[in-house]
Amino acid sequence: MNTSSLQPPASPRIGLFVTCLVDVVRPSIGFAAVRLLEAAGARVEVPLAQTCCGQPAYNSGDREDTCAIARQVIEAFAGFDYVVAPSGSCAGMLRRHYPELFETADPWRARAEDLAGRTWELLSFLADVMQADIVGDWPARATYHDACSGLRELGVKTQPRSLLAGIAGLELIEAPTAETCCGFGGTFCVKYPDISTKIVDAKLDDAAATGAGLLLGGDLGCLMNIAGRAKRRGVPLEVRHTAEVLAGMTDLPAIGSGRG
Amino acid sequence: MQSTTRLFDDNSRKALADAPLQQALGKLSSNFTVKRALAAARLPEFEALRDQARDIKDHVLAHLDIYLERFEANVVAQGGVVHWCRDADEARATVLAICHEAGARTATKSKSMITEEIALNDHLEANGIEPIETDLGEYIIQLRHEHPSHLIAPAIHLNKNQVEATFRAAHTDLPPGRNLEEPRSLLEEARAKLRRRFLDADVGITGANMLIAETGSIVTVTNEGNADLTMTLPRVHIAIASIEKIVPTLEDATTLLRVLARSATGQENSVYTTFATGSRRTDDADGPSAFHVVLLDGGRSSLIGGAFQDMLRCIRCGACLNHCPVYGAIGGHAYGWVYSGPIGSVLTPGLIGIAEAAKLPGASTLCGRCEAVCPVRIPLPRLLRQWREKEFEQGLQSKTARFGLGLWAFLARRPQLYRAVVGVVMRILGRLARRHGSFYNLPFAAGWTADRELPAPEGRTFIDQWRARAGGHR
Amino acid sequence: MSDSRNAVLGNLRQSLRRSDDRATAEHAVEARLATHAANLVPERGRKNRVGLIELFIAEAAKVDVTIDRVDALAAVPRAIAAYLSTHNLPAKVTVAPDPALDAVPWQDQPTLGVRRGNADARDAVTVTGAFAGVAETGTLVLLSSPDSPTGLNFLPDAHIVVMMADRMLGTFEDVWTRVRSRGEGFMPRAVNWITGPSRSADIEQTLLLGAHGPKKLHLVLIDEPGA
């Protein structure tokens, strides 16, 4: 972790990297992020020139488009004290992978490293940098899915749990396979759907075995995959993004559930 | 070995429908995975040892030419012979020639992935020499004319009933009334049968987990003791290994051994680790009178110094398989060649070509658990991405995938156009699915909706709402 | 095959871009081989003799080694006879021609059949010495020699090792130091690290003892007073 950034300015100026999935599928997570960041004392801005972090291109081997998108993100987020994303996967892309995209001599390399040093996943930012004090009340029995990139690229593990400890009535029941992949993997799940389904089924079975009726996590891609499969199989498991619960936005329909 | 990697999709569908395989794979996470975690936690120095293991292998790879010469000189000084082989053909011919020279009719073998790579057994059989696999799992799959489905547990895809049926078919002297229902009785049956073969064999062929430059020793690691019976009893011992198996010293080998068993099975140490140096010494009561080391390049010398060199650090522990969600879903055979799991998906394109193995690098969620457990810290996700880049450059991906990606990238690089397009699409989709909250079927997302609902967009995008609400930034 | 040798090495040198740096690289290799420095050695194996023996016993027990402690070589025959009878093994052993075992008073157990020499296929029980015990993982180290043929370690159903407690070492690095002290040609044909009896989990991941090697591994540890 970048310890030098652990002492934030009194009211840091934050560029919210919404992420493409939150932007188009579930904007509520973005608003939850804004609410949490502002409550913790930050000023939030949203650069409009953002689309996606580039992972679909990066993980498909399309280096040229990846670099073009990375340069776009680096430009759009210049000057903020921090860049925060409600996703470990996208934050990991900015933080761990952007610098690797450019040769050492390329001026974009230094800019990518500068961005990487300022970029945080939302929940770990709230816990580690803002030391946010979350207070809430929502009676539920939940289990947690540690999304892979956040967990292994950024070390997001204890932070969401410590934040959730502030929600009175919320009981967290850990599944032994909390750290196992859900089978989403970006384009993997559409390129290899049968394998992906097998993996997410194991995830669902383990989550259901905890007796929790709710699964929380910090990455919408995984949550859409888990929720979509749960609904198809008829597994009674609500799926929500941790930020929504922390922000008290629990009156929203769960991911994949309708309003009707 | 002939590759069926192009058939990965069919292979994996078959694997997903294979009940004994699925039952076996279900046990992986409660077995190897849990045991590795316990062993790692028990040794406070484990993470630092992984760093050193990586550094040892990196040092060797950077000096491999010189270490190979030292190794050879030390084997020769102990009365052994070193055979250099560029490819599988040369390696097969070399082993066969040694067997012929020894007047051999049978050769016992202990587990060796290199002999799988060069398809040695078929070649020996075709030339009048009977190869006998002695590792229990390898013995079972040899009788079934199958290939290993796991680096260290080759018959993991089979259940005991299948093993019983195999033994009853192959061991024609078995009384029909003999109870072979339990793993114990199956093991006893194999032990009795193979004991005779060990004693009668003319040549013993082993792999090598390491080659020690300092002493000219080869190192074998087993739990069964079959490598030791294979190399001790016959007149001739042939050890076959690929060139990157070199380590400098006994101390370096020791460091690698400390991470090998713990990563593989969660054992503190495997039962038998043997450092074999040369042939039988004067006055020794046993041991082979001839000691041959067959060194296989097999494409490795070209991988050194390139973007994929890191994968040559691999010590074949199998941890990346045991922790891989994809391996855990389909097992090893679906990968279609010798090596499976994450290391297979990285190594196979390097050894048989990316065009042949194009299906493998994509078959990963890039969850990163393989790298997290690799004892020599091979950056497997990065290497998988690098192969995907090669595929992309060479146009090996499907037309649909390329078109979809191209369209998406075109938009993603043009924020204003992107906003306009996704804004409209999401409003429509959001309205369509408002009541149900997800889509049961969407024509352009069939890969997704075949087996799961697609959670529907809420409607207006975040950016649209933000812009309307606050005027935005810039 | 010298063509192949040249081709493999040539290709490697090309890949490594080995030219001007050849001397430097050779020097690095020679230095590493000459110093054979220990890497990180786990703290676990750094204990006094008593601590090492305790650790060895604990580790060996985890891998199914049975241990009998006696206070003198003279007590070995009775200990072995008792072990064989407890485990329903034949009262007949093949003992390594190891001079360290010459002083064992086998005649004290007249019902115990003793043959000295290498194992043959029919031997159910063998007795050998050991070069060292390694507390770190409960491992026994045996070196092949005319006194200690390797077959004795692998062919029987039960392998009994008789070892003086002063052979107990902490770590594998300690073993290599002692092996090196044998001088020129210090590596015997086989150095066997043995950590428990043979086993396999190849059928349904069910762990079973006695795959091809011994089904039982028993250590008679001699705590000689003053040793």
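So that you can tell them apart, the chains are marked A, B and C in the order they are listed, and the count of residues begins at 1 in each.
In the analysis below, contacts are C-beta pairs under 8 Å (C-beta built on N, C-alpha and C of every residue); 3 or more make two chains touch, one makes a residue touch a chain.
Just so we're clear, the structure is a prediction, and the values are computed from it rather than from any experiment.
Participant: State the chain with the largest centre-to-centre distance from subunit A, centres being mean CA positions.
Facilitator: Of all the other chains, the one whose centre lies farthest from subunit A is C.
Participant: Taking every chain's C-alpha mean, which one sits closest to the mean of all protein C-alpha atoms?
Facilitator: Here the chain at the core of the arrangement is B.
Participant: Where the CA atoms of subunit B average out and where those of subunit C average out, how many Å apart are those spots?
Facilitator: Whole-Å distance between the two chain centres: 29.
Participant: Could you state the distance in Å from the CA-based centre of subunit A to that of subunit C?
Facilitator: Computed from C-alpha means, the inter-chain centre distance equals 52 Å.
Participant: What whole-Å value do you get for the distance between subunit A and subunit B if each is reduced to the mean of its CA atoms?
Facilitator: Distance between chain centres: 32 Å.
Participant: Could you check subunit C for residues that touch two or more other chains and list them?
Facilitator: In subunit C, no residue touches at least two other chains, as defined above.
Participant: Mind pulling the residue numbers of subunit A that touch at least two other chains?
Facilitator: Residues of subunit A never touch two or more of the other chains.
Participant: Residues of subunit B that touch two or more other chains: which are they?
Facilitator: Not one residue of subunit B touches more than one other chain, so the list is empty.
Participant: Which stretch or stretches of subunit A touch subunit B in the complex?
Facilitator: 15, 18, 20, 22-28, 30-31, 45-52, 54, 56-63, 65, 68-69, 72, 148-149, 152-153, 177, 179-181, 183-200, 202, 224-225, 227-229, 231-232, 253, 255-260
Participant: Mind pulling up the subunit B residues that touch subunit C in the complex?
Facilitator: So the residues of subunit B in touch with subunit C come to 24, 27, 31, 43-45, 48-49, 52, 56, 59, 62-70, 78, 83-86, 90, 94, 134-137, 140, 153-156, 158-160, 163, 183-184, 186-187, 191, 194-195, 198-199, 213-215, 217, 223-226, 228-229, 231-233, 243, 248-252, 254-255, 257-258, 265, 267-281, 283-287, 295, 297, 301-306.
Participant: Which of the residues in subunit B come into contact with subunit A in the complex?
Facilitator: 9, 12-13, 16, 29, 325-326, 328-330, 362-369, 371-372, 385, 387-393, 397, 401, 405, 408-409, 411-413, 415, 418-419, 422, 425-426, 433-438, 445, 447-448, 450-458, 460-463, 465-467, 470, 472-474
Participant: Would you tell me which residues of subunit C are touching subunit B in their complex?
Facilitator: 1, 4-5, 7-9, 11-13, 15-18, 25-26, 28-29, 32-33, 36-40, 42-44, 59, 62-63, 97, 117-118, 121, 136-139, 144-146, 149-151, 153-155, 172-173, 176, 179, 185, 187-206, 208, 210-214
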